[in-house]
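In what comes next, chain A is part of two complexes: it sits with chain B in the first one and with chain C in the second one.
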Partner chain A sequence: MNTEARLQRAKEILAPFTKETLTPESNRVDIVIDAADLTQATAALKAADWGYLSAITGLDLGPEAGSLEAIYHFCDAAAVTSLRVRLPREGQPEIASVADQVPVASFYERELSEMLGVIVVGTPDPTHLFLPDDWPEGVFPNRRDFKIEDAAPVERDVPKVPEQGRVGNKFIVPIGPQHPALKEPGHFEFAVDGEIITGARMRLGYVHRGIEKATEQRNWIQNLYLLERICGICSHTHTSAYAQGAEKLAQVEVPMRALAIRELVAGLERIHSHLLWLGVVAHEAGFDTLFMYSWRDRETVMNLLEELTGNRVNYSISVLGGVKQDIGPEQSKSIHKAMDYLEERIRYYLDVVTSDAMFLQRTRGIGTMTRDEAILYGALGPTARASGLERDVRVDAPYGAYGKFPVSLITDERGDLEAKFVVRLKELLVSCFTIRTIVDNLPAGELAVRFPRKVPAGETVSRVEAPRGEAFYFIKSEGGESPTRIKIRTPSLCNWTSVINKAVGHQLADMPMMISGMDPCFSCNDRMVTVRRKDDSQTMTWAQLRAYGIEKYKSR
Partner chain B sequence: METLLAITSIMFFPAGISLILGGMLYEWADRKLVARFQNRIGPRWFQPLADTIKLLSKEEIEPLGVNRALFFGLPVLALAGALTAALYVPIFGLRPAHSFSGDLIVTLYLLSLLTMCTGLAGWNSASRFSIVGATRTLTQLFAYEAPFLLALLGPAMAADSWQISRIVDYTQTHWMIVLQPVGFVIALIGLMGKLELPPFDAPEAETEIVAGALTEYSGRGLALFHIGKSVEMVVGVTLVTAFYLGGIGNPLFFLAKTLGLLLVMAFLQSVLVRLRIDQTVGMWWRAGAILALLQILALIVLK
Partner chain C sequence: MIATPNLINRVVSGITTWARVNSPWIIHFNSGSCNGCDIEILATLTPYYDIERFGIKLKGSPRHADVLVCTGPVTRQARDRLLRIYEQMPEPKFVVAVGSCGISGGTFAGCYNIVGHIDEVLPVDAYIPGCPPRPEAIIDGVVKLLTHLKNGTRPEPIKPQLGEQA
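This part shows the complex of A and B:
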């Protein structure tokens, strides 16, 4: 079924609820519905098996317009259906929860209610997901009239973990935000009965940086560098997704050579990310030798990225309208050399994770997620593909140069941890192959074209397959020098539901591996709010920080 | 003179200071070998000593809600147990400082004292991680203890004595690794379980329960537990080498043999994945204990 047919079908399914139909992009329909019809419209899409809920965007149209919008984006291959619900800005903007039908919506709904002040009726957990516990009531950072002065912390009773961790005969084992198992700040509470887990909860948002809000104050070009810093691992994913969306809005045609170079860097980034993941999960399993070896080999790809782009982490190769650096004969030689080495190593790791009997004891049949569960929980990326769910934006909706240099889809039916290893490692072999193909057949042409300072008004959805899953960008412009709203649904947020739901019944010892198994990225998840308080003595201006740095350096 | 000798033998050589230093050297060798297997550079030779000095000079934090006497007493008891065990064992290839009929059993129980103390210390710490760690430490003790004991009983039965020095005299001429290969494997793996080395490091799996039973320990208490563990390593490696790898012989040669054993252990630590506690227990009782019993049975029948 092609994209038009899918969109046509979505229109037919949603016809009873439709108030207004817009077609902002060729692959997207935007259907305005009443708030009261939302649950039924979601049910209708679900009953017809039309796609999955990819993100919920909250928009504030401003005090003059006096309304808020909640946009529910459903994706089915390349087709995107946006259900747009208009809500009054004043009083009680209420919307019904769809989390009972789509469990992953629970996270997006919590975000919607704390960031925009939409009351989601019936959402399973209405507590803060991202904002701090001492955030004042009635202050919503994504509203247009939000002022940082309003966000002064308040005293509030926060449910704490019992001091001794004992609830009757059970223990609550807290993991994070500071814990040796978790190098990144998330908080999990596992209720354990002996070694068996009987309940699980999670809390995010310890390192909010307010990136979404910050984009509104920067111009289109500055945002490219800001968004690159969402994640230190899939930085290129974010610049690609943002650049792609901005270029679409500005109607800029990017040269094929630039798109091919972007795909090449994305392939290298995937190798870097998956090898890092392999090491982390091996360490969680107590297999430090594999950890050391895979991170050693990861250096090869890091050095290669440095050689190609000048940077090891935030490669900064994309610019709006193209790429910055070219790939010449010398670079292609080093790329081929690195691929020779990496392919051999990846084959070896594939052999280790599928044949080492003791390692298999820790991975085979652990945390098994069936295909149906993966659909229900809205899993994406390698987590979904390891359960046999064929979802990959690169294949379903080829963007950039993926039409010219396609990748093959890797899936595995088993859904356990072993399958996740196999899928990721096989994807690396595919990446190596694609990288070689691109280097050998790099299209001739310009590297970049001019990008206008102001971008015409419009809204667009940009989706990119990150190493961990799908990155979803919603970009809205009102014709100015900066975007009006950028909504980012990062690649690993959508996979938490599966982990939290699968935890119960497993052993405590399996949890670190299961959590790492989905490749959680905390910089992915925390990026929403400026936690800068007015009475915070740590706040420094740029000049102060610079002076402090120079002073510190001198007094070394 | 007699008393002076006894004091010297307990405080300085072969037990006491020299044993502690020896333990650190063994610990360094183990860490260095594992590091090289893992493609790392590894610590310098004095690192364990530096760690100990650092720990001894650090503040000791006492958590709320612990029994003070136990909290501070257990590390001392653990180290004392390990050091006392060393008196009956031919450390560094020298004759044991003390010897009597049945000292093998005493030594083995003194070695277990350290594990028991660790478990109790974890339980006493009243922290979630410590309690889960203590539970795992003690569960694991019940898994490997019996097979390990049976594996060391093999040479004892062959030598017709439960006195370590007599057994060592016998193994001098009989390489038990050839005569009782099953026993040797069980003794070696049991020793790794006793020392909570990978793959038996579930009780201190840092990715789940921080440092397990010793999470709340800092400063001196932690240092004493660490020293105790190093001493236990020396005693354990010495016992297994003396029983299975041709007795004592030349002290220099004996040292080389213990280091060879350490090399094998480091290799196993590098290539094996941590077992979950249920897998550890399952493995010991399903395979370890039964194999050890079969070997004992074979010994009885063949004798």
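This part shows the complex of A and C:
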């Protein structure tokens, strides 16, 4: 089915609720609906199996317009259907929760409520999502009239201290935010019965910096460098997604040579990211030899990235309207040489992770997620593909040069940790192949075209496949030198649902592997998630924990 | 020769310094970084750069660590945790701030969830600039710190001059 047919079908499904239909871009349809119809409209799309909920954008139209807008983006291959719900800005803007139909929506809804002040009725957990514990009530950073002075820390009422770390026969094991198994800060609480996990909750937001708001205070070009620093591992993904959206809005035609170079760097980035992941997960399994090996080989691709772009981590190869550096015959030679070495090593790792008996005991049959569960939890990227779910933006909705230099889709039916290794390593072989093809067939032409200082008014959706899954950007311009709103949804956020839900019933010792198995990126999602279960524990705040610790110490 | 308490103290402190300089164990905490610095720190520990040849080991617990390596600006949520980790480390302890964000807030200066840079929260002994710093720069910074430890002095950090903030 092509994009037009998909959009037509969405329009038919949503016809009973439609107030107004807009077609901002050829692959998008925006349907304005009443807040009261939201749950039914979502149910209708879900019943017809039309795509998946990719993100919820909260938009403040400003004090003059006096309204807020919640935009529910559903994606099906290249087609994007957005349900737009208009809400009053003053008083109590209310919207019904869709989390019972789409579990992943609970994160988006909590973000919507705390960032924009929309009350989501019936959402499983209405507490703070990723703002700090000392954030004042009634201050919403994504509102237009937000001032940083309003956000001064306040003392907040906190829940009661639980009786020790024990609830009935269960024991609560806290992990993080600083923990040897976590290279980034995240906090987890596992309720365990013996060795078996019976409940899990997590709190992120330790690296929430407020980037979405910051983009509104910087101009289009400065934002490129700010967004690159959302994540040091997939920095190129973020610049690509942002540049692609801004170029669409500015109607700038980027030369094919530049797009091909962007795809090439994205391929190298995928290699460095997956090799990094391989090392970290091997380390969690106690297989430090593989960790050291894969990180040694990763330096090959780091050196190559440095040779091509001048930087090891934040490459800054993209500029608005094209790329900065060209690839000459000398670079092609080193790329081929590096690929020869990497292909050989990747094949070796593929052999190791599928044949090493000790390692297989830690991966085979652990954390198995079926295809249906992957769909339900809204998994993305290699996490979804390892469960046999064919979901890859590069294939479903080819952007940039992916039409000219396509990649093949790698899936595995098994859904356990071993499958995740196999999928990621096979993807690397595909990336190596694509990189070679691009180098040998680099289209001739300019590297970049001129990009205007002001971008015409409009809204666009830009989707890019990061090493971890689909990154979603919603960019709105009002014709100024800065964007009006940039909404970013990174893939790690969606994948958390699957890990936390699959944790129950596993041994505590498997958790570091399972968490790392989805390749979490805390700096990307910087959000907080809680999965509530029966006989759940209570959370202690820092002040309580400190008081409790002192009390405990004194009473010894 | 009769061992006087003075002599014993000198010998013991000599052994302690020798041990500290030859095996400084580090703990790493990301208080709001983008990961860029963190993966470069990890890269220095792996075979290509191999910082272990200086006796440096990454430890899991603050109680085992001599040096706290911090990355990123300090977010409001991470501030208390960073302080707590610092408090848990045994004396004498040293703090290394890695990356532009740790030094000045970098590109995130002025964001609503940022408390500030690391030396607004903790006393910093060494700054390693860069976005992110190359592994060679990280090794250089750590070795400079070790040189000071050998001489038994606490380094006087030279904070990199900041350019104009955007």
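Keep this in mind: the second predicted complex is superposed on the first by the 519 of 556 C-alpha atoms of A that agree within 3 Å, B and C clash if a C-alpha of one lies under 4 Å from a C-alpha of the other, contacts with A are read in each partner's own complex, and residues count from 1 in each chain.
Here, contacts are C-beta pairs under 8 Å (C-beta built on N, C-alpha and C of every residue); 3 or more make two chains touch, one makes a residue touch a chain.
Note that the coordinates shown come from a computational prediction; the quantities given were computed from them, not determined experimentally.
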Partner chain(s) touched by A:195 [first = chain B, second = chain C, both, neither]: first
Touching partner for A:510 - first (chain B), second (chain C), both, neither: first
Chain B versus chain C as contact partner of A:292, first or second or both or neither: both
Partner chain(s) touched by A:461 [first = chain B, second = chain C, both, neither]: neither
Partner chain(s) touched by A:222 [first = chain B, second = chain C, both, neither]: second
Of chain C and chain B, partner touching more chain A residues: C
Which of chain B and chain C A:173 touches, first, second, both or neither: first
Which of chain B and chain C A:359 touches, first, second, both or neither: first
Common interface residues of chain A - those touching chain B in one complex and chain C in the other: 179-180, 292, 296
Touching residues (chain side chain C, partner chain A) in the complex: 27-40, 42-43, 46-48, 59-62, 72-73, 75-78, 80-81, 85, 106-108, 110-114, 131-132, 134, 166
Contact set on chain A toward chain B in their complex: 164-165, 171-174, 179-181, 192, 194-195, 283-289, 292-293, 296, 356, 358-359, 361-362, 507-512
Contact footprint of chain C on chain A as seen in their complex: 131-135, 141, 146, 148, 151, 153, 177-180, 183-185, 205-211, 213-214, 217-218, 222, 225-226, 229-233, 235, 276, 279, 291-292, 295-296, 298-299, 302, 312-314, 521-523, 542
Chain B residues within the chain A interface of the complex: 37-40, 65, 126, 128-129, 131-132, 135, 198-199, 201-202, 205-210, 270-279
